[in-house]
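Got a structure here, written out as structure tokens. Questions coming.
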Amino acid sequence: SDDKDDDASSNPGGGNKPTYTIGFQGGLTGKNAQLGINEANGVKLAIEQANAKGDLPFKLEVKTSDDEASPDKSQSAAQKLIDDGNVVAVVGPAFSGPTKAASPNYAAAKLATLTPSATNPSLTAPANKFTALLRGTPNDNMQGSGMATYYAKKLKLKTVLLIDDKSEYGIGLAAVAKADLEKAGITVKTESIPQGTPDYTAAATTVKNSGADGMIYAGYYQDGAPFAKKLKEAGVSIPMISGDGTNDPEFIKLAGAAADNWYLTCPCADANVEEATKKFAADYKAKFNEPAGTYSAESFDLANMIIEQMKTFGAEKITREALLNKLKAAEYKGLTKSFKFDQNGEYVGGAIFLYQVKAGKIEYLGDIDKLSAA
Amino acid sequence: MSKAPAANGDASTAKPLLELRDLQVFYGAIQALKGIDVTVREGEIVTLLGANGAGKTTTLRTISGLLTPRAGEIRYGGERIDGVPAHHVVSLGIGQSPEGRRVFPMMTVTDNLLMGAYRFKKVPQSDLDRVFELFPRLKERRSQLAGTLSGGEQQMLAIGRAMMGRPRLLLLDEPSMGLAPLIVAQIFSIIKEINAGGTTVLLVEQNAAQALKLSDRAYVLETGSVLVSGTGEQLLADPRVREAYLGEGAGG
Amino acid sequence: MSSVTTKTREPEASFSATSLAKLRHKPWYKSDAFRRLVMCVLLGVLFTIMTGEQAGDDVFYSLNDSLTNWPWLGTWVAVAVGIWALITFHSYLLGNPALSPVHKVIKDATAEVKKVTPVLGRREVKWPLIIALVVVLALLPTWVSGFWNQVMVNEIAVYVLLAIGLNVVVGWAGLLDLGFIAFFAIGAYSAAYWTGKLPVSPPVELTPFLVIPVAVLTCLVAGVLLGAPTLRLRGDYLAIVTLGFHEIIYLLATNADEFTNGPAGVQGVPHPTLDLGFWSYEWTTTDLEQYWWMIMVIAGILIFLFLRLEHSKVGRAWTAIREDEVAAAANGVNTVKYKLMAFAIGASTSGIAGVVMASKVQFVSPASFELMFSVLVLAYVIFGGMGSIWGVMLGTAFLAWLPQILKDYVDEQDRHMYLGAILVIMMIFRPQGLIPSRRRKRELNLAKEGLGDADAMTEPVGGRVS
Amino acid sequence: MNLNEFWDYLIPGISLGALYAVIAIGYTLVYGVLQLINFAHSEVFMVGAFAALLVFTKIEPSNPSGLMSVGLVALGFAVSGLAGAGTAFALEKVAYKPLRVRNAPRLAFLISAIGASFFLTHIAGKLFGRDPKPIPDLFVNKKVFEIFGARVSVLQLIMVGAAIVMMIGLDLLVNRTKMGMGIRAVAQDAETAGLMGVDINKVISRTFVIGGLLGGCAGFLFGLNSQVTYTMGFFPGITAFAAAVLGGIGNIRGAMIGGMVLGIVESFSAWQFGDEWRYVSAFAVLILVLMFRPTGILGERLGRTA
Amino acid sequence: MSNNTVIKQRSAESDTATPVIAVRGVTLRFGGLVCLSDVELTLNRGEILAVIGPNGAGKTSLFNSLTGVYVPQEGSITLNSANGSTHALLGQKTHVVNKLGLARTFQNIRLFGALTALENVKIAAETRQRTGPVSIMLGLPNARRAERASDRRAHNLMEFVGLGDKINELASSLSYGDQRRLEIARALATDPQVLLLDEPAAGTNPTEKLELAELIRHINAELGISVLLIEHDMRLVMSVAHRVTVLNFGKVIASGTTAEVQRDPAVVEAYLGAEMAAEMLDAQAQEEE
């Protein structure tokens, strides 16, 4: 549903400006609801701030649509946005599965969807004809290979244990990492430790007994944190690396000291270094009384990217198709990274950055390729 | 079987222990009792007779608080007790052996008996002994699960269990149902014995001939109303009763 | 308490007129009116929390916020007390609830309905009505927005199909099935397999319509495979086994990546096509009504077939098994056969729904088959009124529609909270469901009188035998 | 299969099994008395965990050890147990009693239970946030013991110890006290129990309270072992219910055995086949056992039989 | 439409030579408890055999063993059909036993309460029909024909047991005595050779008992069905049974004609009691006069 606070932030300029809506589709209930909520909030914040600035030639609203992270609920969630003639572009869908289910509908409606987090590589395959989908994030291939590179080149490990969480995200990431690790001549052992495992003690024992000298965890922080705790208890001290699903302050909050020394990758630049991101974090916390979470900032960026393109229309009426075409060609420098798409809607560029948890803080180490080359 | 001294003479003058006045009970829209009056005096054995569905069980269940009458009253020792919930009625000294025995199948015989004394904080061994004395069969089987007892044994247990609550008034619902002839005879003599020990008994029976022989007075119910009432002998002699409830050629 | 003391027994429980009076009349704090008041106030507080702020990082935030938000809290509590007062004074003032105008309105209304029902049952009224209903339903998608079109197909119609199937298992045969969505999954994966979209390729590729019979067959077999070893189980034992079966199927879909592509799912299941030689038709992503009509036809056929079953030898045998399995067997009913039949029919219906879903969404992944959905379909069926096809259809439509319409009124994240509350309230006030079947209603009435169980699912394990 | 690993996996299996057992008892007790799957029991468990979370978030213990830790853990049990008991009590009054009074069909109870479960889950999500939250450390000393070369953490000892104490206590309560006898009697024949002077409503309430108490404590332990979320009840709930059935639903000792078996099976299957096959193995074992023993390992006990 | 068209009639003459059911050396145990021990029993074609004995003697368990509800550990149970074939019943499924020709009633009435009286009977009658779910779903003519046939048969049977006017009442709303009759009608609908009645008179009053005795004789004489009867009411037993077998603690302690059995001291001691025995002898003497 629409956010109640929207009216509060309505422009002072008055009545005759047109109103446009930016949609958001993601899982607000169901499994991993928190991720969807993080993203929705990012979008809401962007729109509130844009309206508040008062320099827009139009008024903006936001419309969220919950797909419960389920593919079969995705089409109707998408349709809700498609039906609303005011919706000119959509941030989302958040998850790859729902993205696959709904993209044909968006394509037919020529409604731009900029996903901040659907990372499954196959989404941008031209054969899909997902012509309205623009991926605002490097896909799993890039992160997975980043991890592999670091282990192979920098740490020079022999055997790596690769663990996925049986989520779509986790297995995607793991598959790529596996291929790249093997390419680098590293022996790979794989395990799956699904989300919501009731007790990670057995899993930690498995890691301990595996004989690997490095571990990759492809999953989210909700599961990574208790796992990290048990790993620490088990006395596992090999290098551990995880992706953007874990790269979140919550990880440290949940795992406590057990998070120390974990490497975390992310296609996103350090969210804490720059002034702008600090302001974002503060504003977010102020509005939603919780710190910005995974993908909040990316969603914020994508919403702003849309708004920026909308501004280029000036007084002209904004149509979906026109906006879609502009977005396809656009380039935008956000808080987290620069956004640009190739002809398939795939994210272009995308360095992967490495972080490490040290004494309860996520510290920025640098561009993973550069680090590995060094 | 010792002939217990007939209490007829003084019972008729004893003060009433239980009085039902114009009792009306409904199951939803169905009226099961259409205003019955029954009196049980201290020390008596009173029998309720009647065909299936006449309302005998309903009467007992209303007395013990499982059903609430829509009209009329129940007086016990002179005080109204209708509307008192079942688990409090027991503590007034009204014990019941329900239709179909209803022993707790997964409890031992002893535990079943102790359940009968649930209202007491402590149960004296003598109470158990008294029941075991009445029913030696139960003593043999005291640690057997009640569900595995035979029908007759279960019936004994149900009566024994009711006795454990030291009732002043004992309600027995068809204690002879489904029992072998030998056991039926036993049960009746035990009822007599219990009564001789000072417990007033309200008995519901299909087995009219035997019940009437044993009781001081009796009521015949028919579709929720009292049809005839009188002393045991009177009813045994009543042609209507003889025809409907004793069948032809019933021994007397 | 299996120990026994030898001390003298308690003094005989004594009772006096006053103590008895106390027992006969509840003290004020136990009175219905007072309890209702407490309940209303608590509900007021609860409602304040329900409509309060979403907590985030700080676990106390929402609690502090709603319980110190006096105007808001006060309003809700006042409303609650107001409602209480209305109810209480209403019945006090009138003394006799029968005098209440509300009561009268309800009574009149039911009387009217009772007058109308037999008329509705008459042939010359019934058929025109049914035809009118079908026409309205068929035209429905052309009147509503694309969103509701999607909802009608993906969320409502597919689940209505499922509910029709589950009704056979639970409503008619009385087998408590908590894993029904497993067959839905099998249907959907069959569609993906036979259209060549799974990592493993099929011997021949089929179009979705041709997959339907194959999926029906597959589910039939799966239903029998599940049914056969579990037939000795009753009630809740069966429930947990079916639930386990669901989990196993779900986890196989998730874990057996080589066959199912795991959690990533498979994409591109084609839309159905119809080729009659002289005329061919292809369903598309954008023609939403077409799917609605297709499901209407499928549901129509199923209803046509199943309605016959209910009042036939088969339906009666199911009822017999449901009520008393030993007695049924003793009268020659082959309980195994009929139970398997129910499982198989239910499973195949579910399979059809799976194929439809797969080709509509064109994407199949385990996420559509979570345990929660099994629980939900069961809730739909019971909510609608087990055993009555019309009831379960209505119940499903309502409960599947509800979360969608709630989107416009409450925080999307909170929808399940309201759904849960509605389920509880509904079961309190209408435990038999929206439109219970006649037989089920009778069973319920019998249960109310203490003669047997309303759903005939409490037969002691192993059965009564005498 | 080397023997060291065997112990390595057995021990977490036992501690997890102990938790399942404690939750399973809640199901079994309620089932025994009301013949009802208390689907919302998993939310009682969740509420217990949140209660502990709230208290410890307020207290913010810093580096507790020694007696302090003991006190905190005891506090955790008290708070979570009370919260669980309270929730279960309210649940019975709101979601079940009205149906009981109306003599509703049993499946209506199931749906009411499911509704209550949804409601509690999501109101907790709203009230406490939807992100997982950690219970602060209650003992810095995570000293690990070794048994047969396998590690045993303090928390595991607490889990198993608490479970054993609760199980023994409950077993005594049900089999040795007057209240327990009342519970058993109501389970077997409620109406007749009433005729014996048992207040049926009170017994039912108490049963819920006891089950809730155990469930709440289990929630606390579970939260301590990992973290607290509004959806945390669902899977442990399902597994514990399976455990109750596996042992013979209605049978308290059966619930204990069932819980243990499932905990160990899960752990061993994590070892042998991988963590993703945990539940598959657990349910496969459940189905197999029920095929050969349709009334569970120990059969029904509290409940009625023919 | 007369009964004969639907209810098959068998030759009513009591052919005492051929046993319909032969129970040989049957032993049934529950754990340590021996419920039936080496039981021998023969039911001859056309006969009414009463099985009596104290509570818990194993009478109902014997019925359960005959009908496949229980599977005795030892012994054999054979059914000799009217058409000359013989079947081993031990270990057969309940519904198979029923198909072979054994129908029963239950000690505690077990009707399908939410169905009408007629439907109760139809269910049983339909187990003899071959129509499958597919033809029913499609409404094929054979399914309709079958439906009509079972309807007719059920009507006739209801008429036969004297419930012709209660066809559309709910089974649960019938009076106790009528429910007993309905159970019998339902059992008859499966067209049995042998009818097993478990305490059909329990909880009925003397008048109803007389009517019941009449019905049992009717079933035996008119339909030619052999009857195995468990009953505690000695008057009923004596008035209908041709022979009596007495069980005690799972063993057969006596077997013979009614007169023989009531004089048997073991039976008197274990079951009848001296008083009852004397009473019965009296009654019999009166009747003979």
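Observations, loosely collected:
Read from first to last, the chains carry the letters A, B, C, D and E; within each, the first residue is number 1.
We adopt the following convention: contacts are C-beta pairs under 8 Å (C-beta built on N, C-alpha and C of every residue); 3 or more make two chains touch, one makes a residue touch a chain.
Treat the numbers as computed from the prediction; the structure is a model and nothing was measured.
Chains making contact with subunit A as well as with subunit E: C.
Shared contact partners of subunit A and subunit B are C, D.
Summarising the inter-chain layout, the chain whose CA centre lies farthest from the centre of subunit D is E.
Farthest chain from subunit B (centres taken as the mean of C-alpha atoms): A. The greatest number of inter-chain C-beta pairs in contact is found between C-D. Comparing chain C-alpha centroids with the centroid of the full set of protein C-alpha atoms picks out C as the closest. Centres computed as Cα averages put subunit C at a distance of 27 Å from subunit D.
Once the centre of each chain is set as its mean CA position, subunit B and subunit D turn out to be 44 Å apart.
For the pair subunit D and subunit E, the distance between mean C-alpha positions equals 49 Å. Counting only residues that touch two or more partner chains, subunit A has 29, 33, 37, 166, 192, 194, 290. The set of subunit C residues touching two or more other chains comprises 1-2, 55-58, 61, 254-255, 411, 413, 415-416, 440, 443, 448, 463-466.
Residue positions of subunit E with contacts to 2 or more other chains are 107.
Chain pairs recorded as touching, per the definition above, are A-C, A-D, B-C, B-D, B-E, C-D, C-E.
The touching residues of subunit E, when paired with subunit B in their complex, are 33, 52-57, 107, 175-177, 199, 202-210, 232, 234-235, 270-273, 275-276, 279, 282-283, 286.
Of all the residues in subunit D, the ones that touch subunit A in their complex are 5, 8-9, 11-13, 15-16, 122, 125, 129-134, 137, 142, 144, 151, 153, 156, 222, 225-227, 229, 235-236, 239, 266-267, 270-271, 274-276, 278. Of all residues in subunit E, only 60, 64, 67-70, 93-95, 98-99, 103-104, 106-108, 110-115, 119, 122-124, 126-129, 131, 133, 136-139, 143, 146-147, 150, 170, 172, 186-187, 189-190, 198 touch subunit C in the complex they form.
On subunit B, the positions that touch subunit E within their shared complex are 51-53, 148-153, 174, 177-183, 185, 206, 208, 244-251. Touching subunit B in their complex are the following residues of subunit D: 178, 181-182, 184-185, 188-189, 191-200, 301-306.
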